[in-house]
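What follows are several structures.
Here subunit A shows up in two complexes: once beside subunit B, once beside subunit C.
Showing the complex of A and B:
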């Protein structure tokens, strides 16, 4: 189904990736405003780890490098620090575009499968929509055990000092495993999110 | 002073047994002294934090925040929403501004909210607790209840990202915000100048990509040490947690010997206002602050 969405998008936008981004990516209509000054890339805290820092991503979008952009793990490294946003001379909402690109690539099934932040982000959202609030314990355990039991036990052991410290300071509650925090109206929240997803799918061409 | 009332959005990390539960303890103590009444928004939900976009997308994420704002408008009409968490504040405020400037998004959000029997009107204001302190009180007013100034103690004010950008506290620069330094000074402490005040702590990537984010944390703590600080103080629960709990890992990775307590502004204020270690939530530090515990015990 994911690849269907991808095929559908390719068919619809042909070789105009910029148009596709403008129509489907959060704040994507701003991309054409970039004047390639490089301030965003220079401001990015994880800059050295990005294969394609923001400025380059914008250039690639305009050059129609669809596959390369959407399969890149670069935008997944955005820490949402908003440094680029406040410095960009053209006031591009760069952070949001990075988020939007990551989300779009994820929805199309093109985002790198094992990119750790993608994996964590998905777990995070699934965690919060369940009860309406974060269950920090389940979230960290889920993250440690994402690659299976063996590596999970290894990570959990490596992180045990942190866990014990938090436990001692009463900032980690083992009871969260059985009875976590949550909203009363989870039913309403689920209905509301389902509706929101439907509307977004319709607007962004995700609807089948 | 008239009692000030706000609709309170504590956020997930401040709940009992969660990673910033000591933040909440100290905020409550501080508010008692300042005669601030915080009424929790009934049945508030998670803001989606800075990572929620990846699976949640645009509208579902805004709808989560709009739900909180709608609940506040309904249950606590006329009160501004106050968040203590940087991410909660940023997310709620971002939603408010995006919906205000985009009528499609506004209508879509309301169509979804109807499923939960709610309606968002776009009336309520969204503030961070430090905004309230600085703007609604002011440093002189905040100084008045100080009974035990934090004399001779040196703090590195770590502002971080999300209380600073993209909105920030009114009138502050993004590169060198000074409100936290002024708060420290108002409490009688010394704010050391250092160069990592607004460095990103790695955010959610501290969990997912630790090798990369621990370099950020190392730079922050190292600079605080280099400039003579004894403590780091911050307004953000994620900054607090990342910079405090990973110091041990940073030590392993870089061979450093970091052991610097990381506190909340509200903990310092509680102590300067004469509160006990417990009221200031000092027992919630993973890296304990014995000097402050002794200070709190002093009559």
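Showing the complex of A and C:
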């Protein structure tokens, strides 16, 4: 289904990736306003550790490098510190664009599968959607074991003192592992989210 | 000077009375200065003090006054006595403010003040109150050469101010480059869309203006004379010559585009590659419809190549930025986007330069979807029915990025129409007749000198409109690259400068920077050896030769810098109030202590435009410097005659410091070449020193800017130390 979306998008926008970003990415219409000064990249505390800092990502979008941008893990590295937004002389909402791009890449199925931020975000989402509440225990355990049983046990052991401490302080309930508490109207939440997704898809022109 | 009656006034205000023995100063003025009348006053610039002086002038018949108070640059309104000759002894900024208080300094401080009083007395006795240029002439007409936006604006502005204008345009119509444009860059809020050029309106206003006389298809065949009395021969289409008499000239001869055929690597010469003017032509032909190439194909993708043959460090093409082409390309991209947002418009730039409100215009283009790509184009080549542009993407560091385009527009920049380069010897055997704009009948050559990159210009920091030919004001893109908005502002400035020149010439006064100065140079023919140094060294081409090969001073062209006076080996050139004698007498008036006193004397000749104000400001900031210097302001270092230096050394000064403005290519000299001439002359001083058996360090030349408020005292103190090291001069009596 995801790759269908991708094929549709390619068909619709041809080689104008900029137009595609403007139409589908949150705050994407701002990309064309970048004047390539590089202040964002220079301000980003993580900049040096990514393949493509924001300035470069925006340039790549304008140069039509669709595949490279959407499969990049750069936008997943943004920590939402907002340094770039504060400093951009053109007032681009850079942080939002970065998240918008990540989201769009994910929906098209192009985002790097094992990108840790993506995995965590997805886990968090699935976790919260299930009962309408975050089940912290399941979420953290899920995170520990995301790379398999062996590494999971290792991490769990390393974190055990913190876990016991939280248990003592009544910040952690082991029973959550079994069932966990939900919200009053889980069904309602599910229906609401479904509706929201429908609306968004319609607005962005994705087939339902 | 039989009827000379001299008076000295010693001020006790501003702390002078507490820090100095003014009674002793008064004695010095009458005993050494030999002044007929000497008065002390507790507050000389007060209305009471001024009234006292005025009373002496009116009722005592005083003709020459020496005021011993503050700097000659202070209280000029109070001490304004236009009927008498006046000198100033700078005791405030020059003595008490730069000397530390305390008994151990008192003696040398007082000696300094005594000397300045002696110097002022000696100077004023050699002065004559100037009467003004006898060749003064009034002519209220401005000649404007060039009928483009700059020329038309200058003409209209001069006319509005009540002056008549003669406008000479070489083509058959007014409008110049702007008339070839489809639209101009936005120039008012919200700076979002291309605007009408406004050329038609300007032309209509010119035609309706009875004060403006227009010659079309005409050129200036000859320019003769000086401010206030130029005679212009205008060659008209019919071959006949019309003569006009004007008071000042505005040269608005504009620019031509850099020839894109010199840029084959960028596609110059290929079909479907145009320069910015070529695109304007296509846009005008489209007249609001879709823009088509010469072959009729509608343009769907267009690439703009910025800095095509500009900002070129290799020296092959233009080294400079033409300043308007980024905005012009942005405007031209909008031509496409405004008609059809689906046309792909890509601007490949290295640095996008959008000065002033241009930034809003740039943003507007981004909003309209113009793509801006930072990169450097390496080639433009034909590909199928279109073109392939290869460039180095500087953000992604992709050396072989490519774009296909139906049309490529090269931003080639501006080359000034500044006429003949008079500083460049004409190549022998080359049979191209250089085209002069003004055909000046000056011995220096037919056009105004060029500053850098062929632009006609003068003092780029202080007097941007003024050329080195007084009364002639280049404006618009012939002066520096610019767009329409800037050219209109520039032309307004030039028109006002032309008016100033007319008014100064009419009153027999100097133009800037000594505007208002009534003195003018004269020479004594009996002594003149016809060496022509003055004629050659005058930075402003003010001196011609007569049939007998004597110099002829065109006073209204003269800026009163004194460079000629400094140049004259037999010292026959002088001004009424500034001469070899006025300065020489000051130098000689200084009391030189004997060799064993450990009190050296250092003469400082300081340019009154920069160095002297810097010294005054050092005083205001209470920076201290050596009490052994005696400072004399000079109009320009160019006016320094070497005899002053020889005389100073011969009479026992231990060192001489010359302080002038920066010279050379980045000059700041107010008289353009004055400080350069001085340093050239000084380069020969070493031999003189050696022949006198003196150390070469005894004469030092410094470049000083008006901002060197802390540096100048430091220079003086360092030099005083140096003199201590070398030891006292052996020439003391």
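One rule holds for everything that comes next: the second predicted complex is superposed on the first by the 194 of 208 C-alpha atoms of A that agree within 3 Å, B and C clash if a C-alpha of one lies under 4 Å from a C-alpha of the other, contacts with A are read in each partner's own complex, and residues count from 1 in each chain.
Here, a residue touches a chain if its C-beta (ideal position, glycine included) is under 8 Å from a C-beta of that chain, and two chains touch if they have at least 3 such contacts.
Not measured: the values here are computed from a predicted model.
In the three-chain model built by superposing on subunit A, subunit B and subunit C fit together without any clash.
Applying the stated contact rule after C-alpha superposition, one finds that A:185 touches subunit B and leaves subunit C untouched. Applying the stated contact rule after C-alpha superposition, one finds that A:81 touches subunit B and leaves subunit C untouched. Contact with subunit C, but none with subunit B, is seen for A:56 once the two complexes are overlaid on the shared chain. In the superposition on chain A, contact is made by A:194 with subunit B only, not with subunit C. Of the two partner chains placed by superposition, A:7 touches none, neither subunit B nor subunit C. Once both structures are fitted onto chain A, a short way to say it is that subunit B and subunit C open up an angle of 80° at subunit A, using Cα centres and rounding to the nearest 10.
In the superposed model, more residues of subunit A are touched by B than by the other of subunit B and subunit C.
For the pair subunit B and subunit C, the model built by superposing on chain A gives 19 Å as the shortest CA-CA distance. Judged by the document's definition of touching, no subunit A residue lies at the interface with subunit B and also at the interface with subunit C.
Residue ranges on subunit B touching subunit A, taken from their complex, read 12-13, 15-22, 43-46, 48-60, 63-64, 67, 104, 108-109, 111-118, 161-162, 165-166, 174, 199-200, 202-205, 207-209, 212-213, 216, 245-246, 248-249, 283-286. Listed in rising order, the residues of subunit C touching subunit A in the complex are 352, 362-363, 366-367, 369, 371-374, 393, 395-396, 398, 401.
By the touch rule above, subunit A contacts subunit B in their complex via residues 26, 45-46, 49, 76-77, 79-83, 85-87, 95, 99-100, 102-103, 106-107, 116-122, 124-126, 128-129, 132-134, 136, 140, 143, 161-162, 165-166, 168-173, 175-176, 181, 183-185, 188-189, 191-197, 199-200, 203. The touching residues of subunit A, when paired with subunit C in their complex, are 18, 32-33, 35-36, 55-56, 59-60, 62-63, 65, 90.
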